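Scrolling down, you'll hit the structures one after another.
Here chain A shows up in two complexes: once beside chain B, once beside chain C.
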Partner chain A sequence: MSRFLPLMPVMVSAAIALFYVTPADAYMAYITNEKDNSLSVIDTDKLEVVKTVKIGQRPRGIVMSKDGKWLIICTSDDNDVKVYDAKTLEYVKSLPSGPDPELLTLHPDGKRLYIANEDDNLVTVVDIETSKVITEIPVGVEPEGMGMSPDGKVLVNTSETTNMAHFIDTTTHKTFDNVLVDSRPRVAMFNAAQTQLWVSSEVGGTVAVINPADRKIISKINFAIPGVEQESIQPVGIRITNDDKIAFVALGPANRVAVIDTSTFKVLKYILVGQRVWQMYFTPDYKYLLTTNGASNDVTVIDVANQKAIKSIKVGRYPWGVVVSPN
Partner chain B sequence: MTSMRKILFRAAFPTAIALLAPFALAASAAADEPDKAEWPCVYRKVPILSAATIWDGPEIKDTSSWRKDDAIRKLSQFLVSRRIKEEDAEAAIKKYAAGLPADAHDAKLTELFAAVLTRTNEDRKVVMSGIERFHKRQMERAKEIEKEGIELPPPNETGVTDDANGAAGEISQLSSKEEKYKWEIRTFQEKQANIPIACEIPQLIDERAGAIARAIRSEMKS
Partner chain C sequence: MPFLSIGRVARSASTKYRALAGGTLLAAAFSALLGVGYAAAQNAPQPIPIPAQSADAKETTVQILYVKEDREREPPLSLIDQPNADDGIAGAKLAIADNNTTGRFLNQSFKLDIVEGNLDDLIKGAQEKVAAGDAFIVADMEPESLLKFSDAMAGKPVQIFNVGNPDDRLREEDCRANVMHTAPTRSMLADALAQYLVWKRWPNWLMVVGPSPKDQLLADAYRRAAKKFGAKIVEERQFKVDTGNRRADGGFEQIQQQIPQFMQGAKDHDVVLVVDEDQVFGDYFPYRTWVPRPVVGSSGLIPASWHASLELWGGTQFQNRFKRLTGRTMRALDYDAWIAVRAVGEAASRTHAVDFKTLHDYMHSAKFDVAGFKGVALSFRAWNGQLREPLIVTNPKMFVSVSPQQGFLHQFSVLDTLGVDKPETKCKAYTQ
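Moving on, here comes the complex of A and B:
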């Protein structure tokens, strides 16, 4: 035994080093809680809430600045967009928006923020550094989803009442095409190769996959879950893996996330998650997918590789949006 | 009566009628749509929580055999009680699962879920019909108050006067009618404010059932 003793401090320090080095994948996930007017912060290594702070009224859509310094949040009932320091969670400033902002997306240039204003049928474009409105783009009735092409050239906005996906040129800020989809389109999401644009229709219960090149619908995906009534299947959030192979679609009050093969458009499985699953976000290593579940007030952690729900984390009331820090 | 009180009274009538108008409208519109007439919550009424919405384990075919199992009967009662903390419920499920024989392990846990689901639906039914009854009473009350409001004489014909020759008895009678009317509106609105709070209860029941289902499922091997 004694001959091992000199090694002990080395082993202990090695163990400590290991302990502290391992969580290189400890990202922070930020969840907006619509009813509590708060933000829950989840450590994605510990998979637990490490902080909860009060923010503006009715927080919904959330994005992070490219450098991970700012959290940019639609505070719908304050009729503005608020910027918070991601580390300290302190309020930095407000950005102008139209009334009732709900969803937003950041241009790959890291400066231009596109905000959907549900009440006045406009998409507001704001420079996040100068806080100045660059322009306002008229779109369909009740603009909702905002999908930015990876090259930043095209913004797709969905309008709830017009039931269309509007294709907007981000240089001219003019709409150059409209595609009719099923009732109440919600989220628009490009794949990384920019060969597919996925649009979810909440009331229609379908997902349309559009070819961004000619704006033709490639496929319309339907869902069926034994024992779950069809009206409960309400597709909302969409996320596609970084290799473009698998798409995850949140199905609202069906409490399932559909796993879809992006080449065959076949549903591979339905993962049971919390109640009224709404938005989703990958950790930067694509190990986990986090879902916000508005009716069960929790976040489900999905193991992406195994396509399994591995944990439920309690957050505030009516969790809505989610974003994960890039670093 | 001072002129200030006269003004306040006069001002109160249109306001009160305006405040009640949505309920009266809702009452008449609801007559055409039976669902809306009975259900006042913002979310759609889901009368029965189906197993599939919270459960991905074996299909639930038998919803009554659990009643013959004393342990499941007692445990399910404990689990659905919202007074019991979620972590205590989870611990109880773990303890129960640990004591099950290997050959009946998952079957018994499935039966436990069937029991929880049945009890949850019984609770939901009681709460939901309570909300509907309350809402129905409020709708009826709105109609009555609206009728009373119409029957009240307009402020300029109430006979309210500072004139010493005025009929004092008549003034006080009318004033008390107006006072009563105001109080009825206030009581109505206070009761109405309880509806959104009551509407949260079925959601809390569902949330609880989901958490219990997840805890049971995580103990299962299949």
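Moving on, here comes the complex of A and C:
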């Protein structure tokens, strides 16, 4: 929709068109398949794969440009970040990234891309328009999770072997605090109100909820699933609903997504999904949450309101990252 | 993308309201234009205060010593198994680098000293280094030497990590209070392989045992493992390696004749379990057995604490870091040394301390664990200081599985299905 905004008459007619055409536009979900160097495209209305294309080597982290035009993908074994046209899936350009890029996040300004270089203990900041490296920020061993505050002022990077959440000022690009969490932190996620930062620890088996204002841990969430051994509970992906009320946490080889109340930090339920559930993404209407399941090579669709898995969709080998188009 | 930007929240809000009256939609579209959405308005971001940077605090240092005993070893059968001068030491160096990257944020630094030589050199060198502040010692030496070395260090503020030795007795009847062990024991290794073979339903083993005392200890570990997990050693054969005139010495034609002959007329078996800790004949067995059976144990399918092909649980980055540092692939001894030095680093960052007592007590406490690219937290067994860890079951080129296997259960930790468990321990030094 945003592309119509500069022209009032066009916007109004678009609005009218939308008013009469009740079925929503289909959102497209893009899944990176780490092992067969491909990207699967899922139509989230039909809930089926509509296209599969080959991309660079070992694709993992994936984001979309703010206008929805570009897909920006870490192709870890090519040691770069590739930009593809989201509609045509044609290669646009490569961005410099430093070695072994794994996860990335885009600043709300739509220009600055922050990339975790897992092999080099750095976060690289790149201007996606000019393709120039703005700066490199030294962090801990194996930087991974990248959580951008909604106002864009603070970036939190987690380092897997250092076991810290590094708080970075995005104005100065300097670290201003480091919070120790449990072993192998993977994902950092702010809520919309910026009153909570959630950090998952894969090996520690916990999720720490940190108050961004004083960097104190408010709560540490543990998981227990009957019949599942404790060692296989490995929290990774985190998503929080837009009303900040419910958090979903992917538990890796426990093959479940935990549903958590963000005010009591109690686990409300565990949703059984595919094997080694890893990353997740909401559709923009928050109707569905899609999960990548690395070991069963599929994507599970969770009905967010009913907190139920409704479908699994076969994709490529070792699905890793997921993003859904905003329009 | 870890977070929806405000613009995207706004667009999603406008999408959500598209079935409502046009006015609402327009408002939503306008607010999208202004970068303020409905959802964002409901959960307006609270500003995050960014504190001013304080002046750098004083840096503190943890000094670690690596001691390596000179040993005579026969050359390996295969050229690709040639030892490297820095086997083990390289792992400790990588861990120092990893600890320093983390330490940067805590004003902690880590330093490695290295002493190589015979036992006397090591004791003398260690006494000097300890007097100069080294408190954690990574030791790669023979069992008797390790006992003498640890006794020579007794009473000093020193924690030793055994990386070079799988002898169960060092963790049992001969355990020492000042020694922890990151090398897996023979019983852990045997159990790791046994669990896989039992899972695979290959429970009938023909065991071929070499002549060295180490081979006898390893054979004992496999006998124990067979009993523990319900496998059967259908027959045992002693393989006599006659040094000076080694039976399997010479050209491949001879070996091709000798091994099948040696293997003739055995009872029915699923696998050939070769017990050859010094690697002097085991690699002659694969593809040369009398009946076509997989070779396991000291050749073929091997249990180990690490393998260069491991890429699970973020192992790829770890292997790459090691290769960049050393120009070679990581071996089990490197891994055992890495985890020992990482354990010290982990204790330092968790306690925000560098003094011996704090780090020592923390590593010995139930609170301690450390990640080691094995998918689960690693810790030390409280009754004998042995590292509790999953083990790799691997062929020479590619890992096959990781034990403990699914279905082997334990009341406390499945990792304790590997090796001598608490109720069976003979270690007294840890309880006194």
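Note that in this section the second predicted complex is superposed on the first by the 303 of 327 C-alpha atoms of A that agree within 3 Å, B and C clash if a C-alpha of one lies under 4 Å from a C-alpha of the other, contacts with A are read in each partner's own complex, and residues count from 1 in each chain.
Note that in this section contacts are C-beta pairs under 8 Å (C-beta built on N, C-alpha and C of every residue); 3 or more make two chains touch, one makes a residue touch a chain.
Computed from a predicted model, the values in this text were never measured in an experiment.
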Chain C versus chain B on the shared chain A, clash or fit after superposition: clash
First, second, both or neither for A:Asp285, with chain B first and chain C second: second
Which of chain B and chain C A:Gln234 touches, first, second, both or neither: second
Touching partner for A:Glu118 - first (chain B), second (chain C), both, neither: second
Which of chain B and chain C A:Thr195 touches, first, second, both or neither: second
More chain A residues in contact - chain B or chain C: C
Selected from 98-106, 134-142 or 206-214: the stretch of chain B that, after superposition, runs into chain C: 134-142
Contact residues of chain A, present in both the chain B and the chain C interface: 229, 231, 253
Parts of chain B lying in touch with chain A, wherever the complex brings them together: 44, 46, 50-56, 59, 203, 206-207, 210-211, 214
Chain B contact footprint on chain A (complex, rising order): 225-229, 231-232, 253-255, 272, 274-275, 295-297, 312
For the chain A and chain C complex, residues of the former touching the latter: 1-2, 5, 11-12, 15-16, 18-19, 22, 24, 62-64, 66, 100, 103-108, 110, 118-119, 121, 138, 140-142, 145-154, 159-164, 166, 169, 174-178, 180, 183-184, 187-195, 202-205, 212-213, 229, 231, 234, 242-244, 253, 281, 284-286, 323, 326-327
Interface residues, chain C side, partner chain A - complex: 1-9, 11-12, 14-16, 18-19, 22, 25-26, 29, 32-33, 39-40, 42-51, 53, 98, 101-102, 104-106, 313-314, 317, 320-321, 342, 346, 349-350, 369-371, 375-377, 413-415
